[in-house]
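In the part that follows, the structures are each spelled out as structure tokens.
In what follows, chain A forms one complex with chain B and a second complex with chain C.
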Partner chain A sequence: MIEFLRAVKGRAYPRVIGALREPSWMLWDTFLPLLSLSAYVFVYRSLHAPREFEGFVILGGIMTAYWLNVLWGMASQFYWEKETGNLQYYIMAPASLESILAGMALGGMFGTTTRAIGILLLGTWLFKVDMSVTNPYLLLLIFVICLAAMYAMGMMFSSLFLLWGREAWVTSSLFEEPIYFLSGQNFPVKALGPYLSMAASIIPLTLGLDAMRQLIFPSSIKFALMDPYLELIFLSILTIVYLFLAKVFLRKMENIGKTKGTILTRWL
Partner chain B sequence: MSRFISTVKTAMWLDYQIASNWTKPLTFFTYNIAKPVGASLLLLAMYYVVTGKIVGSMALSFIYIGNAFYMILGQVMMDLGWLVHEDREHYQTLKYIMISPSSYYSYLIGRSAARFLLSIFPAIFLLLLGFIIHIPYNFNYPLLLFTILFGWIFMVSAGMLLNTITLLTARYGGSIGETFAGIFYLLSGVIFPLSVLPSFLTKFALFLPSTYWFSLIRRSVLGMETDPVLSQLSLQSTLILFAITTAYFITLSLSFYFSMDYLARRRGALEMITTY
Partner chain C sequence: MYAIEVRNLWRTFKTRDGVVEALRDVNLKIKKGELFGLLGPNGAGKTTLIRILTTLLLPTKGEAYVWGYSTATEERKIRPIINMVSGGEYSGYGLLTVKENLWMFSQFYGIPGKVAKRRIEYLARRLKFEDILNKKVRNLSTGQRQKMNVARAFLTDPKVIFLDEPTLGLDVEVARVIRDFVKEWLLENDERTVLLTTHYMHEAEELCDRIAIINEGRIIALDTSDNLKKLVSREFSLVLRIHPKINISWINKIEGVQKYLTREEENGLRVRIIMSREESIADVVDGIIKHGAKISYLKKEEPTLEDVFLKLTGRGLE
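On to the complex of A and B.
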């Protein structure tokens, strides 16, 4: 257990330092999402949508920052490690891949939170978004559990990268726009209809966004998919399931990768 | 000239291989279409939650057509943003390309041409899907062809600008590409009319070639321009303004190319490995 925690700390450390080392990166990481967020806000303005819809866009933008970190900083990280020649050291080290991934997740969450705060502050200031949190403790709990489920999902996907090359990179890329749509990034997911929105609930982002929208914008309760407490329960279940699957898949994919000899191949 | 054409053709072939040879062509083309379709569905859902319908208004047509063609511009910008970084640090081939007898500029033109062509397929697919939601098409084919061809020239020049900047930067490749793409998305009247923007941003938008490109796209696909600001311009004026703004983008990209290329060689940045 101590070794596990030391490995977590060791892998989180460069991410925490890296997140703060170069202030200009923070500027880019905050400024860039704001460009597309602003475009979506202006779409709602051009359609004369209620003001809380602009808040949905800001909230979606914040959670998307985490989703992108899960995709590119967790799931596909093993691809980059393979390409730069670090993966063999992770595998040889007397630490589990789970602890390395947990470290990446914690460090990634820290780095993304610094950006998310920037997006929140700038977004609400620029577009005068009115947020009134009805239950801050529940909101915080849902936010944390949603992140845990998302990063557990990222750990599960990362196992694929032990096996694949560019296919996995492409998969991550494919999990951007289609997932923004399925998770209801900028709109109440209930609009997708009961079957599609329930199917999309296997993506933690979907349930997390729906619950947080209800707690931050009380007038949006009429658009809600289900009760936030119920969404909290489902998110907790998803976290456990994805963590378990991550553990199983990591072992399996590592073995297949070693057997096929693809675990260290580069430029594929 | 023949060397230029040969370099462009080879670069196009190379780019297609890099983009697609991880899988079978059918899977690649499905992947190529899935992302733009996802982005369009997101906007359709936003339209639906506000209006309660999914067919038949000019506002929807404006959003849908703008977004379908933005996929070309956005994809070219984002991919080109990574190109130098990828050649230099990932595949570590930049120095070999630089010492080959071909011009690096023509190589970049070829790479961007391939990206442009690959991005056209999703746009065609989205245009076909548009029939389902009753987009009132009124094609002006000569104008559409002209707009797409000259759009490529503008995108190549914008892409060159990106690439030449990334010759000297470490990790910003993707960020610069996304920033360019984001600025064009926000300020070109792609998915909402320019009149919705604050007035100082509307004025800035009128200096971007992409603004006129999207206006020409709407005129050639929908047969009209519904943006209150841009509809005040005649077709001829829009064409002239597009040509002028594209010309200064080309001038800017060429001057940047020569100066950044000179600086990158002086600083020894062509072999830079930053392992980001």
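On to the complex of A and C.
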């Protein structure tokens, strides 16, 4: 267990240091998303939509920062690690690949949280978003479980992206826009209709956003997909399922890599 | 028990152009404490063999053991006791310092922080890179980076270390520091074992207790450097630089010429000929002049491992 935690700490370190040592990234990663959020806010204002919709946009922007980190910092990461030659050393080391991925996830969460806080503070200040949290403990729990499910999904994708092909950035891009739509990043997901919104619930971001909106903007309950407690249960199930699948696909990736010799090293 | 044992090992790869046999019936037994060299040209199968031994690749047929453990089924027992360095590798993260990178890799082997710190300082002193410990990796030169890579591998105090062309593309001084370090490291403990792959024959000659020559996936000779050179003990090498470039295929017809190798150089050719008759040197010189070329350099040399390779395969190492 100590060895597992050491590996987690070791792999989280470059991401934590990256966030602190390169503050310019933080500026751009906070400022640029705010521009696109502003567009949605102004659209809602011009349509005289309910005020809480502006809050939806800010919350969506925060959670999207995590989703982008899951895609580009988790799902695509093994591909980049292969290109730089790190992947072979991760596999050769006694530490499990799960511990390496857990380190990436924790480090990624740290870096993204600094950006998310920036978006939250600037967004609420700029657009005078009124938040009234009804149950802070449940909100925190849902936020943490939602992150756990999202990063578990990223762990699962990390092996799959490597198995699917060499153009990880194309695969990542493919998962960007559809998820914005299906998760209801800037609108209540209920608007997609019962079948599509239920199907979209396999994306942790969908359930997490829906639950957090209800807890931060109580007047938005009428737009909610389901009860936050139920969403917490589903998110917990998704976390377990994605972690299990991540483990299965990691073994599969390693096995295919060792058998075919085409995955683990960039020159084969 | 051997440090490394390979029995009837085959490895094939399916490519668009068909099946490539990277290793063909390889057999090896490397004793504990040995510095064993694998000498062969690019594409001979050296790296494939290392990948199998480091548990990164499965053999198509045959068995491989490290410290008595099967590389196919007991990789969890092998991984804590091995490590590897490749030439020209770019592992690690550019925004971290050398010290931070080394510490990070030590964590994947469960090494406590204080022990890791002590070992990093020790290796930096031994490999002469103390001055760059706090430098970001992205700002390192090729030689500095390779010293860090070597430290990364030795940091875990492995029982068996795989050095895959560790001095590839390095300047003479850095390569010498690395070679000296490897020799000293081996002397510190009787059981430490090194498998070195290289296509630099002088490196193999200088470092290795025994050398296997590999070509097109097969081990074609295996012995000490001195014994291997006995394969060409009745011959000598004639090294010439001629210009301009001319076709010298006629050279084979001269009595006593066994094999020859040419390498293009600016405005000319470097020719290495394995010969068994000193009297034939004059015929070679005459022939070159008759074909309209000039000789700017001529030297008779003692046979080297490259000559052994040339005699066995008819081709050069590079």
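Everything that follows uses one rule, which is that the second predicted complex is superposed on the first by the 256 of 268 C-alpha atoms of A that agree within 3 Å, B and C clash if a C-alpha of one lies under 4 Å from a C-alpha of the other, contacts with A are read in each partner's own complex, and residues count from 1 in each chain.
Definition applied: contacts are C-beta pairs under 8 Å (C-beta built on N, C-alpha and C of every residue); 3 or more make two chains touch, one makes a residue touch a chain.
Since we're looking at a predicted model, the values are computed, not measured.
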So, after the overlay on chain A, do chain B and chain C clash or fit? They fit
Ask   = Regarding the shared-chain residue A:136, is it in contact with chain B (first), chain C (second), both, or neither?
value = neither
Original post:
Is A:191 touching the first partner chain B, the second partner chain C, both, or neither of them?
Top reply: first
Per residue count on chain A, the busier partner among chain B and chain C is B
| Is A:259 contacted by the first partner chain B, the second partner chain C, both or neither? | second
- Query: Given the touch rule stated above, what does A:43 touch, chain B (first), chain C (second), both, or neither?
  - Reply: first
Ask   = Does the superposition put A:88 against chain B (first), chain C (second), both, or neither?
value = second
- Query: Thinking of the overlay built on chain A, is A:3 touched by chain B (first), by chain C (second), by both, or by neither?
  - Reply: second
Review point. Which partner does A:11 contact after superposing on A: first (chain B), second (chain C), both, neither?
Key: second
When the two complexes are superposed, chain B comes to within a least CA distance of chain C, in Å, of 5
Contacts of chain A common to chain B and chain C in the A-superposed view 84, 268
Seen from chain B, its contact residues with chain A in the complex are 22-23, 31, 34-39, 41-43, 45-51, 59, 63, 90-91, 171-172, 175, 178-179, 182-183, 185-186, 190-193, 196-197, 275
Counting only contacts in the complex, chain A reaches chain C at residues 2-3, 6-7, 9-11, 13-14, 17-18, 21-22, 84-86, 88-95, 100, 257-261, 264-265, 268
In the complex, chain C touches chain A at residues 11, 13-14, 48, 51, 54-58, 76, 79-80, 82-84, 86, 89-93, 95-96, 100, 103-112, 152
Within the complex, chain B is touched by chain A residues 25, 28-29, 31-32, 35-36, 38-40, 42-49, 53, 83-84, 165-167, 170, 173-174, 176-181, 184-188, 191-192, 223, 267-268
